[in-house]
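As written, the chain order gives the labels A, B, C and D, with residue 1 at the start of each chain.
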Amino acid sequence: MNKKTFPKGVHPPDKKELSKEFKIEVFPAGKTVVIPLHQHTGAPAEPLVKKKDRVLKGQKIGEAKGFISANIHSPVSGTVKSIEPHVTPLGKNVLSVIIENDGEDELFPEIKPLKNDPHSYSPEEVRNAVREAGIVGLGGAAFPTSVKLSPPKEYPVDTVILNGAECEPYLTTDYRLMLERVDEIIEGAEILKETVGASKIYLGVEDNKPDVIELYEQKLNGRADFEVAPLKTKYPQGGEKMLIKAILGREVPTGGLPFHVGVLVQNVGTTYAVYETLKTGMPLIERVLTITGEGVKEPKNLQVRIGTMFKDIIEFAGGYVGKPGKLIMGGPMMGISQWTDIVPVLKATSGILVLPEEELPKKKEYNCIGCNSCTEHCPMNLVPTRIVTLAKNERFEDAKDWGLMDCIECGTCSYVCPANIPLVHWIRFGKSGYIKLKKKSEK
Amino acid sequence: MDENKSYLYDFIKGLWKENPVLVQLLGMCPTLAVTNAVENAIAMSVAVVFVLTASAIIISLIRKLIPAQVRIASYIVVIATFVTMADRYLAAFYPAQSKALGPFIPLIVVNCIILGRMEAFASKNGVFRSILDALGMSFGFAIALLLMSSFREILGNGTWLNMRVLGSWWDNWMVMILPPGAFLTLGTIVGVSRFIQTKLKKA
Amino acid sequence: MKSRFYMIFVLTLVAVISSGLLAYFAVYTQPYIEKNKKAEIEKAIKEVVPGTIESKVLKDENKFKIFAGYDKDGKLLGYAVYTVGTGFQDLITIMFGVDKHLEKMYRLEVLEQKETPGLGAKITDENIFLKFWKNKNIRGEIILAKPPKGESELKDNEVNAISGATISSRSVVTIVNKALKRVKEEVKNG
Amino acid sequence: MKKQYASEFVLSSSPHIRNKESVPKIMYWVVGTLMLPVAASIYFFRMNAIRILLISIIFSLLTEFVFLLARKKDTSAVFDGSALITGILLALTLPPGLKSSYVAIGAFVAIALGKQVFGGLGYNIFNPALVGRAFLQAAFPVAMTTWVPPVVQKVVDAKTFATPLGGFKFSHVLAPYKDLLIGNTGGSLGETSAILIIIGGLVLLFKKYIDWRIPVGILTSVFVFEGALWLANSEKFANPLYFLFAGGLLLGAFFMATDMVTSPLTPKGSWIYAIGIGFLVVLIRVFGGLPEGVMYSILIMNSFVPLLNRYTRPKILGEGGKK
């Protein structure tokens, strides 16, 4: 097997064995769902419903505002209890539509596919359908997919890369999807390829999922336009730039996007969601996620409605084991730690991770001793400690010269730092400082 | 601030608060070069006291006669005159010191303490206050030099003003009377004095 | 126009006054300074050629001088040689005395040096370095040596090197050998 | 509203897991590997080695403690291993016959002027142990260049003993290679056994606790520069192999130049730093007034590290690509 990879990176213990054997279960919608109107990159959506309105499953309740934004739909049928700010896993209070579920799952009548055969959609129709369905990147970034599908004309896209690397430890969402929704993903990928006018598809999968690689190689049966690209298991293999570097050897220019090198990268989960929307006309109201970690009794892979409370899911997974230390949305490397479990699942919630107290790293912070571990492992080839020192001293311009804004915040540097310096945290501080500085100077 | 207090302040400030060496870091060249022995430091200090005070008197006297365009040139001529006198005097009556101090006596001409005080004080104030300022500054310079040279001579040679202060058990720290020792000592003394000053300011 | 003239006038005045002052001071101090210099050299001559009461300059160059030393009866005792050469750091000025037959060195003095204090500067130390220079045989060259068993093994034309300051010690030997060669020539030629 | 739920979870920025490396772990690995040259020094110099090592370590730790206390810092940092390394390294650079009081002064200067005045661990510009040694060299030049032969060697006159490099420089006497490898030569405590130092260095290289570029760069450049001289005139200049194994080069290349704090952050910077050290070592050993120059070479290049860091930023992934 010809395994591809990118330079540098790390090998955290992958811990996927906790949940990888469990098939995707359907999780029944809870009594109340909370749908934040801002779950994606870009502008928040505007509410279309009022308090006490009756809404139906799949009904649009939030309207995208602007090009980079996404529609929001009701995942259940029921009554709008209130529209008020609610805390989300992203840490902020966001205006949310809170719906009392009547349990009937009455479908919104307008929901039906535009055409019977998903392959017969024109590129324009695909983009519109995806936009209408409020599909965003399900890998975690939540970037509106319709925008990704509309690259500027001067940058022709020749290759689609399906991101099935799932390099985050613990998570098995994409793994299960790839195993259980083979045909949907393959067809979805083909539609994406046609939409952007590419000629080749790669499915990037890390070699810790040999069953997936074997399955797809069998299915694709030597097709020239669709290949499985086995990747070395290494974090952050699933980062867009790393994936493109590993599979195609192309480097996305600094400050650029994949389309600058003629590539569209799409998460397998998103690909599946696109296919489902085109096939059934149903907007994005549910997703697959992994509930895992040493801190929950029964790790599972679940199909849940957007807006379901973390607490309900954790209870469904048998509750906490011992004293929970950390509750994380996403994986351990890039996930966001939560201060409460009363937060809703978002479109981009790829996993819920509970780490018990004893699993948390207990390390003292030291001064940087210049060991170079961060430099030796940074997949972007940055010198993180240098950037952090500059950012700490609020020398944002200088930090930018060292690549502050090129950091992908993958967490590799903090993971390897023997002095336990929260490097990523300081880089985020630097980024926001730099942006503020820029805004000020523009005025 | 009443008149008397300000006269006192003219003198006092140079000793500590605006000490030319420890605070303003002026006149580093002689400070580093001649402090390897207390004897040399004293000779240097005396020369500076003389040059600074004498120049201050003359300059403050003629300050209203000198046009602004040629003031620096005039100051330098005045200072150079006194420096040359001091140099010749030492050569004539203290040949040993003159030899030890070498070119550093003539180099007082470019010692920024002196030109600095002329420009900043003597050219703007009367004779009496200029004398006070010059004395304060040159004593401040002398204090710093004395401190440094004592430190260096004792550690580096076991003696103070050529008198044995440390017993025969003492092994001379050769480095202290070498140029690196000058930098080490200056760094330490400036560091400590800054430390004390910030402590005092807080209190 | 007027102000420029005034400017030049003031500056000239200051310069004239100060040069006058300096001229007076120079004249006043000149004899003392010369006396100091002379006294220094005379003192050195008396030290390196023991018994000298009176001395006479035989050769007077910037970096090389020969003085003849006489006792109270006017009898020639030997020659004092003043020489300057390169050391480890800077120039070294040396005065040494030899007998009138140019066979024996009485003594050596280092007048000026800027060698490393504590190391090379020990060339001025009587107990460490200068004692080796007493009564040396100078028919040949002086040789720098470091006999394994200590000072007692030194031959009459050998001097011991200062430990840790071999280069300064060697410089002195080189300077002396050079000067010896010249002295022999000069004296031979009268 | 927020008060409603008391947070039972730990909040922190991602990532939420860490690998098992830590500063003390790295430091104690270095200490562990240093035990090899330490053992050699004790074998060859017996009580002298033990005495110097103990005094150096105790005074290093003590100085560190006093300064941490005075600066109102966490005093448990005394045991992070860095001061211990400084103590051991300093001892290894000292001549075996050195007076105890000198060792104590050296250890004090190393920690006080070499490390704490800059702000403690991570902020110093120069390798603290070498600062201590440089101070001693300047303060007590004679004592620092007086060598005692190893106990196991039967030498009649102990007073005039030369190091392999000093022997070559001043009298053109070469020490046998076998003695250099095993360590049966004069020199400072840690300049003895080449083999043990190399083993220790390889362990650190294998554990990736030192940047491989630095020892490789130093040793190669010394070999190349000296080799060129040797090829030009093998009478006057020593064999490059002799230069590699004699003196403190190996100890410096593996344990001192590689000090994380005082070496460059960037790969290109490390190469320049290492080659600079190699070049200076040959320059000082061949043309300087002293037989050995590893200490000054490292200190000089230490001072260039901030500059090197500044001008050798690695190319960011995708940098220079066209959008």
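The rule we apply is simple: contacts are C-beta pairs under 8 Å (C-beta built on N, C-alpha and C of every residue); 3 or more make two chains touch, one makes a residue touch a chain.
None of these values were measured; they are calculated from a predicted model.
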Of A-D and C-D, whichever chain pair has more C-beta contact pairs: A-D
Most central chain, Cα average position: D
Distance from chain C to chain A - Cα centre to Cα centre, in angstrom: 87
Rounded Å distance, chain A centre to chain D centre (Cα mean): 47
Centre-to-centre distance between chain D and chain C (centres being mean Cα positions), rounded to whole Å: 45
Distance from chain C to chain B - Cα centre to Cα centre, in angstrom: 33
Per-residue overlap in chain C, given as positions that touch at least 2 other chains: 116, 118-119
Residue list for chain D, restricted to those that touch at least two other chains: 141
Chain B: positions in contact with at least two other chains: 172, 174, 178
Touch-based graph of the chains, sorted into line, ring, star, complete or other: other
Pairs of chains found to touch, sorted by chain label: A-D, B-C, B-D, C-D
Complex contact set, residues of chain C against chain D: 88, 116, 118-119, 146, 148-149, 163-164, 166-167
Residues on chain D engaged by chain A in the complex (per definition of touch): 2, 5, 7-19, 21-23, 25-26, 77, 80, 82, 120-123, 208-209, 211, 260-263, 265-267, 309, 313-323
Chain D residues within the chain B interface of the complex: 99, 101-102, 105, 113, 117, 135, 138-141, 143
Touching residues (chain side chain A, partner chain D) in the complex: 10, 12, 87, 169, 241, 245, 251-256, 260-261, 324-328, 330, 332-342, 353, 355, 357, 360-361, 363-364, 366-373, 375-376, 379-383, 385-386, 401-403, 406, 409, 411-412, 414-420, 422, 424-425, 428
Parts of chain B lying in touch with chain C, wherever the complex brings them together: 36, 62, 65-67, 69-70, 73-74, 77-78, 80-81, 84-85, 88-89, 91-93, 95, 99, 156, 172, 174, 177-178
